[in-house]
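Two complexes follow with chain A in common, the first pairing it with chain B and the second with chain C.
Moving on, here comes the complex of A and B:
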């Protein structure tokens, strides 16, 4: 294992120091592992807090800023953050209008955010939660009851963030967040496993000519092992899975996401196939992202997330955002 | 070799189709391999054209747009584009104020851009060129007489692009581009080699506990092979090399660039070390980029590029930009 780190124990705090140095618009509490907007809470604005295990960068710290999250709580690599982080973040970002927790569906995250919500409520903060569970690959998995939460998290954080920024009340921000999740589906394919610093070896074994279809973002098993195939065929497997689960129609927002070690030129090759597939079905990729947004350390592979758009979602997607990883319109 | 492609021959056109589908602000001539701004030339604005081998994405197509390039000419993987592409791009983007060629210092690129400049001049386009040669690692290399051009290309394209957008004449845009190159230095470290689709195997052999210091962006050899070391030590080797070549002082623009397969969390770990090194020297990282900007397919590793800022360069760096890979302030 060769990793650009100083030691297994210090990866997360070292990276947080780097995030603090690189992004003056963020305030980073390295000791407690919380990344805040530097501007602090805005009175009357709903606060947005997310978090989860590290190793998925830029998720979530890269999405803290104007028009998106107010705070992110990174846990250790592939490990849920603890309730204390979440409570501190929640109480700190509350501007009196309450706080929305955006929670990916993994058992640890769900339990810890639930506890944090209860304890924050006891401190007088109104908290709502949205559970992201967009991954159609498997019904239950190693770390999940129900579907896993993956790429749609980016869409939920962006669109709910825009709603909060516009002054929408908590119930409304929670509603739109739920709508985005309900209209989004994801499917991932791994060309290689990933290696956590602590384990020092790949999370699973994948042969030189094999791929894993329906992979999760921690190396959880997918639906099936398959022989390596051309990009067009791998994309078709993923798109068929999405379309079967939620028939695609109209205008969609689509993300072709790299898992951390996939060259961008290959993601564009995949996006061309996604675009062709959608055209075949009479569906328009009205908005898109191509790049690394929800990664899995050094895994090679990609995931596709599609969200069925309506006018409200387009307007909120297009609203200004200014974070390390998404930035436009301002 | 497992790559997310349809075939070795079709990687570049397939990716160009993906770029066209993902970025409605770009116009892509897939057949001739040229990526243009969709808006076309603006009368009186100096046009900016760059290009080079593919496999370094987002460079250069990801930097086409408002405030940066007018056109990019991607060659085959790690292969210079041909003069015909450059001539077509040059004549197409000329708004009557001339065109600047931004050329990374590789022998093929230099010869082809030179020929393209001469032939474009014969067609009545005034052409100036800036050569980017920022990599301090080696004096000459496999593909280069003199220093290689690497990360500073991003700085040159951004800052010259802002000068052109502001209406500066060709001589002035060329001058500021040359200034950026003169004030910038880069150094890269590889943790793994990269594999081109055509070769199907790594460009060089690197042991399980070795790194290559001073690597180029095509897997060219660096200064030395070394045992793997903590991030802080690898960053120090790179920063010492930069500082020795061009003493660091005042405010700097610094990029910690991933080579394509390096997890973002590790790049932030490296950035924390860069920031600490600069603080030690009394130097301020006034502006920064952390992420994949000049990649080398699936190589693991990083490069650091530093540019000594002055007021003019800060103003031009901060000016609005709207491209697939850099976007702010608009």
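Moving on, here comes the complex of A and C:
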């Protein structure tokens, strides 16, 4: 394993120091592992806090800024943050209008955010939560922890962020966030496993001619293994899974997301196939993102996330945003 | 422990220190178990938590068992993260709350300890929405608490009852090997989770074994 790190124990704080140095619009509390907007809470604006294990960059710290998150709490690599971080972030970003927690559906994230919400409420902060669970690869929610939260997190953070920026009250911001999640689905494919710095070896073994279908974002194996195939066929597997779960129609927002080690040219190859698939179904990719947004360290692979748009969601998606990893219109 | 088996604050502090030693010694094994079906950090996370607990108790040892268990629970929640921090933290906090409801008592009877462990188990089940058979720490904790209750009701000596609880926890942990995970990140593996001992059940067995070790002194 070769990694550009100083030591296994210091990866997260070292990266946070880098984020602080690179982005003057952010304020980084390296010791407590919290990334804030530099501007502080705006009176009357709902605060948005998200967080989760590190290793998914730019998620979440890269989405802190105008029109998106007020704070992000990075945990250890692939481990959820602790309630102390979340409570401190929550009370710090409360401008009196309450705070929305955006939580990906993983047991650790859910439990820690739940405890943090209860304890923050005891300190007088009104907290609402939205659970992101968009991954169609997890089907049998009766026998699992339920669908994982993956790519739709970016859509929820952007759109809820725009609603909060416009001055909407907490209940309204939470409603919009829930709507985005309900209308979004994701599916991921790995061409290789990732290597966590602590483990020092790939999280699963994948042959040169194999792919994992239906992966999550923690280097865990997917729902099936298959032979490597051309991009068009892999995209079709993913799109069929999305379409089967939530029939695609009208205008959609599409993200072709890289898992950390797939070049942009390959993501565009995939996007061409996504676009052709949608055209076949009479669906329009009205808005799109192509790039690394929710990664899994050095995993090769991609995920596709689709959200069914309406006028309200388009307006909020198009609203200005200014964060390290997403910016337009300002 | 004047009257055979009355447990004071020092007894609970000794249990926690023994648990911390066991977790530190079993760290690699717990992490290896987690690597098979989770994300390979259970040993290091729990060790970080118990190290912080021991440090917190050294700074200021609480003066009742209830207060001590509450500090243990709160520290685990604050330091561990993942799913095991909230679950273990809740278990100890609920135990502390159950003992606290007895008043400012400085000594706990075996029956009261058993009731506190039952409260801890109830907290874990509620927070994790887990039942026995889901391949979680509940598969070690529930049979341990049952064995303790049964042994006490049958009139066993408290030390024997603690031994029965520890044995039931270890058997419960081993019994998770053929199970298919239905909770936590392992649940995403479906059939692929079969054949591996659950790391949470394994660490629970360590902590119940530590209870017996201290009770047998």
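Quick notes on this structure:
Following the convention adopted for this analysis, the second predicted complex is superposed on the first by the 324 of 330 C-alpha atoms of A that agree within 3 Å, B and C clash if a C-alpha of one lies under 4 Å from a C-alpha of the other, contacts with A are read in each partner's own complex, and residues count from 1 in each chain.
Simple rule for what comes next: a residue touches a chain if its C-beta (ideal position, glycine included) is under 8 Å from a C-beta of that chain, and two chains touch if they have at least 3 such contacts.
Here the structure is a predicted model, which means the values were calculated and not measured.
When the two complexes are overlaid on their common chain A, residue A:112 makes contact with chain C while staying clear of chain B. Of the two partner chains, chain B is the only one touched by A:264; chain C is not. With both structures placed on the common chain, the touch criterion links A:4 to chain B but leaves chain C unconnected. When chain B and chain C are set side by side, the one touching more residues of chain A is B.
Residue ranges of chain A in contact with chain C, taken from their complex: 75-76, 78-84, 106-108, 111-112, 114-115, 138, 140, 143-145, 148, 196, 198-199, 203, 216, 218-221, 223.
On chain B, the positions that touch chain A within their shared complex are 2-7, 11-12, 14-19, 21-22, 54-55, 57-58, 62, 191-192, 208-209, 211, 228, 230-232, 234, 260-275, 285, 288, 290, 292, 295, 297-298, 300-302, 322, 327-330. Chain C meets chain A in the complex at residues 35, 39-41, 44-45, 77-87, 89, 127-128, 180, 182-185, 187-190, 192.
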